[in-house]
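After this come two complexes, each holding chain A, first together with chain B and then together with chain C.
Up next is the complex of A and B:
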């Protein structure tokens, strides 16, 4: 597992060298060959790997050649050792990977899936394309049976696309700590499920969505984002920070054109490293809700709020404060800043009071 | 938090008190789960059998509002059993001897009667935390929303100081902040006692600095807290600006709050929805939402991060800072000529010592924890490593006192309030997110199954829940999450306005409301009404 050490606490670690594709490279003791290859910018494909999880060594796609070892080794589970001679992409490994991918593809109903499904949903289709793997070379049995009748509004359980990499099971246990997802059966009978084969709502699932975002085939998919799959245009991501609690999880907000279609955890978010909760993952669509206030309102003579122009509303707002100050003194005006709005709102609010009324009559919502 | 979020994976003993972290800060809780998976032991003190309890080595189901008694007795045991970190106490603290003398009478047997947990468990908790190599304390509003909120926090500080569990990796006193930028609102000076950067308004040097920066005679007196201001509405307070807060639903004693805002001559509300509070305003100004606004926020570990707009603003909505600046300019005020959020943030950095090393561009990747006093400073993920700001950590001598309201014959049941996983605060945002209402669409009063029987209630039926301040109608849910004699609900649904009941008292120093305790009675709703 990747631990999130801050630089100040990381002891100077011992290093050694090995030979990678003919070049001498340095590594830190304890690193895997995969980590070394990543740092040296070698392309090494994976399907069961998620850098936040314990290495699993199941998909075998990350194999590399190590001199003196007869068979290719899984780089994700092999620790780098001093003096090793490693080849990351010799022709025979390339061929081996293609065959493996063809076997994986034969298990899968569909490899081309909508990008809305999830963060990692294009991994399998991307590799099949890159290795020019044939989907019809093997005629294997299919494992995994979809559970499309789960009526939850968030997570599509399209297990026909499952390749049994167990990333969902592992992320739920190792990262989220909910242990909601389990495995039934082995081999072609493998089925990803939850307790008693039931719906997610009846399980320990908290709908954090981490399984959706780590799934490399789109078998687990974001139902809310999929509603936008017919919208024209490419998905764009904007890095921001979740608007709910104080943990400050980084989010990549998904848009198509001017429409917000979903939310994804930022895998490199400093406070969350790919994690979100149900609110951050699925609670985004208040942004463009039809009930949003879209123009200023002022209270009319009839006592009702009515639409106004910005000029009218701002003049009215300013006039009320000026009158209060004139009639009741500078300390008759008070302001409450938001704990939800950005710094700039809070800073402007307190400056408004301190400069406008020469008082410290300002607070925020932290006392209730 | 004194320590960064990454430290949550590193304690060997975790002490969670008054924090329902798996629901209120779920992603932070994953750090604790990892620590526990790697062998850490956790003590959980909470009146309710919350999600964390399942993972705890030791659970202390304390009576609501009895935290100080528990923490005094734990300190007593730590001292009695020789678990005090004498070196740390000697080198880094002061006033320990007075505190030590004070502790003598506060035995676990004394506390057990108040907290309603076995004395042996209090002893065990004290020894677990006292013997920790890296002991970390986490708390939330279960500690602060009491009349003794300050005493609760200081009691936790006493424990950390006497065991040396501060200023090191995997230790600390760690409040989990509830709102995305509540830390930032304080950082920016939106508090009645401090200018931006926690510079006290009472200090002459700060007054001079801000007079120079803003070109006005800044006030030399403390402002009122929000709670006091609401009490003075219609009297000394005549006009109010509320930015992005649904005060009427979120604050204690709703009727009082509603009357207060109606008593104003002038109320201006800036918000993204027409909230219950906006309905009372003279002027309502539409703000841009999260996702439409560029800006900055600070999280619970003091990490300063960028918010970025992904879509254009809806309708005519405008950023909050722009709206406030426009009002100021129309009043003839100078100093509000900002062209962008960047201008506003950079002005803040120029006058806040904790942000002095930051600017808009430097925080692009969110790597810095304040304080960042100079541009070459790496930031401060962990506070108090080399010393305390004021020199030494001070032990506070304090004693237990009852909540503002205790149960009696007329109001025989404790009510405590809180939050739920899928709903945020007054539900103005989560209630408008597709799918989330599917998880929970109405509020329920959590009652222990034995009490449901003993009080003649029915699971799923409606009851009247009544305190000295008001009454609400609410559906009963039988669950062992509530202890016997204490019931729970959230304040998130306007249809079940639980804050008409709360507001029994306030902390005398911070004026934070005692939202976590009030005395209530429960009466069944006649069947005719239940069916109507």
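Up next is the complex of A and C:
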């Protein structure tokens, strides 16, 4: 049994050295060979790897040679050990990687996919290009069957593009804790699905979108962002913080021209590390919604709202506030800001109440 | 998922049909939920009751064991023998293993197909084909109207006159009861183990050179020592507390292997005694026999034997007065070759998706429930009692020349006398085939044999001069493995045999690692001529690249070994391969 008086780990983690491509490299005990290669800026390709998840060892692209071990080892699941002699990219390994990419490419309908599909959607096509993998080898049956009739509004289930890396399954279980995604069947006939092959809406899915963002082929895709794929121009990403609640998830807001087309979780967001909820992931279409209020309205004597100028509207509001304060005191005003408003508006709202009325009667709908 | 409650205002005295079903489901769950490794027995209980696993049953199991429903659904679909819909278990499964395909199983399948029969991979009756599994009954016969239940074929008396370890007493019908087992020298090894203690037992086993007979050949004594020395600190408490386990791998799924079945059917107490010895040596208190689905009668034999041993204190909370406890359970698989891979097997036992685990850590420190676990094959465990009684030197000397010990070979195919043979390591393969088993049919020649069931690929030509030991066989790029050898005479189409073999590996690939998942499929397609280059050089280049990447980068032994069928086919039968490519060109 582990006891309280067992030796404490020292502040400085224990280190050792190994030989990587002929150079002596220091590492921290517990690190994997993949992590060492990353730090030493070796290019080691992966498709099943997501640094937030337990290393899985499925794609085998990250194999490296370790002296004294007959077969190459998966660097993602192999712990670095003192004195190891590792070669990250000898010609033999390079050939294996290319062959593996050609095999993976052969099981899919296509490998070039729209960047709107998701954060990691270009990983496979990027590697195919980098390794100059041939698309015409290893022809045969295709794996995975798309379920395009799933009526949910958020996630496209285009499994024709699935390569069974299980990142969606694992992110759903390990990160989100939903355990909504199933692995049906086995071997080449493996199919990513949910319980009893139903629609996502009848499953345990909460539409957090993490499966979409970790998918390396675009098999799971952001339906809403894809609606904007015909818009001209490149996708621009702007780092901001999701306004919907107090967690403070970092997001990259996706725009094309002056249009917001979607949002993506920031993989390096300190509060969320790539996680979002359904609102932060998919809840931004109100910005361009046709029913959105686009100019001030004031209520006429007949009780109906009519379009007004900003000056008129602001005068009307100011008058109302002044009257309320005069007749009922400074605590008669309570402001509540909307989670759909920008942070600047939320800041201005609390400033307005605190400075204008000397009160703390202010809140935000997404306080948590 | 409340299914049993009643809403306020509803009559409470009337039990609806749904409530009755829910109550029955609950009874099944309660009967199993608190035993170790409950998922498989629970699923089998529903599968036996209904003939298939209904949505309601899976919902009940998920909620009863607190498993995510999606996870459970996926795991159930992994197993070939779990049916989700009628006719399910009632429909016949007909063996389409390599030997049965030579013996008319296609015709049996065709005859039974109208009743929903489907093929199943090799069911381990290659010495007595063709097996048909109907419900929990295994029938054998050469045509659909000649199917009957027959006991596992006993090995013939050793044709070479060599002394045996495992089969020494197996032909004695008395061995089937505990009384008979005791009267023929049984349980003396266990008594000896209790007397000399764990350290001495491990020393004897190390000294005997016994190594894993499931195929991997890891030294058994060294593995026992590792489990004995392992500390349970990494997970201080689990559901069952910190403890060690012994797991018997009886998931004899390798096509052409049927040796474990004969040991368990005819000498079940030897396995139990071996496991009890292993438990005493390692400090394990709980054991499982993970038995393949296709051996239902064996399950009855084992469970009756275990009950007899518990009653006489050879198992239970005080084994032979040693003060040590060892509780043994049989767990039935559900049709997945990969569960013969030890870490897949452990995941299956734990109720997880049966993908192999990444190693290290190894089961000796992180096995069942992440606890130190000794996983050994039936044959390995069955050897322990006699080694303890007769001594390490006796066992070593059973081998020929510098080789130590014996190996059971399951020999089948085109030989006069197929069956299990306990051979001394180092025996020439030709002696086994020609002298012991009567050779191929009159007028025929041996064209090729498979090694390690199917995993070792083919040997042919001069390679047939190997002796039966790993060093000799590995020199030819193959391996002895679990000891299945299938013989094909010169009338057989080896490309077709290779196609069937690759169809098996593709069917059984778990789908975790890319090279095996895609590679087995692509190799199968090329061997059946349904896809791939029709130019000979391109054809060979694709086969070569796929095989090389599978052998070098696959995550477990299945993917590493599967391409041997292809590489050995190309090596020994280049003309047949060229003719095959030419045929696909003309198609």
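In this text, the second predicted complex is superposed on the first by the 275 of 368 C-alpha atoms of A that agree within 3 Å, B and C clash if a C-alpha of one lies under 4 Å from a C-alpha of the other, contacts with A are read in each partner's own complex, and residues count from 1 in each chain.
Note that a residue touches a chain if its C-beta (ideal position, glycine included) is under 8 Å from a C-beta of that chain, and two chains touch if they have at least 3 such contacts.
What you are looking at is a predicted structure, and each value in this text was computed from that prediction instead of being measured.
Novice: In the overlaid three-chain picture, which partner chain does A:74 touch, first (chain B) or second (chain C), both, or neither?
Specialist: In the superposition, A:74 contacts chain C only.
Novice: Quick check for you: in the superposed arrangement, does A:300 touch first (chain B), second (chain C), both or neither?
Specialist: Touch partners of A:300: none, neither chain B nor chain C.
Novice: Tell me which of chain B and chain C touches more residues of chain A.
Specialist: After superposition, B is the partner touching more of chain A.
Novice: With the two complexes superposed on chain A, say which partner A:186 touches: chain B (first), chain C (second), both, or neither.
Specialist: A:186 sits against chain C, while chain B stays out of touch.
Novice: Just chain B (first), just chain C (second), both, or neither: which does A:30 touch?
Specialist: Neither: A:30 stays clear of chain B and chain C.
Novice: With both complexes overlaid on chain A, does A:103 touch chain B (first), chain C (second), both or neither?
Specialist: second
Novice: Between chain B (first) and chain C (second), which does A:196 come into contact with in this model arrangement: first, second, both, or neither?
Specialist: After superposition on chain A, A:196 lies in contact with chain C alone.
Novice: Between chain B (first) and chain C (second), which does A:233 come into contact with in this model arrangement: first, second, both, or neither?
Specialist: Touch partners of A:233: none, neither chain B nor chain C.
Novice: Touching chain B and also chain C: which chain A residues?
Specialist: 1
Novice: Which residues of chain C touch chain A in their complex?
Specialist: Chain C residues touching chain A: 55, 58, 68-74, 77-78, 233, 236, 242, 336, 338, 353, 358, 360, 506-515, 517-522, 525, 530-532, 542, 545-546, 548-549, 551-555, 560.
Novice: Once bound in the complex, which stretches of chain A touch chain B?
Specialist: Per the stated touch rule, the residues are 1, 3-9, 152-154, 174-177, 201, 206-208, 223-224, 236, 238-250, 253, 255, 258-260, 269-272, 275-280, 282-289, 291-299, 305, 308, 310, 313-318, 320-324, 327-328, 331-356, 358-368.
Novice: Quick check on the complex: what are the chain A residues that touch chain C?
Specialist: Touch list, chain A to chain C: 1-2, 47, 55-61, 63, 71-72, 74, 77, 79, 92, 96, 99-100, 103-104, 106-107, 137-141, 143, 163-164, 166, 173, 179-190, 193-196, 203-204.
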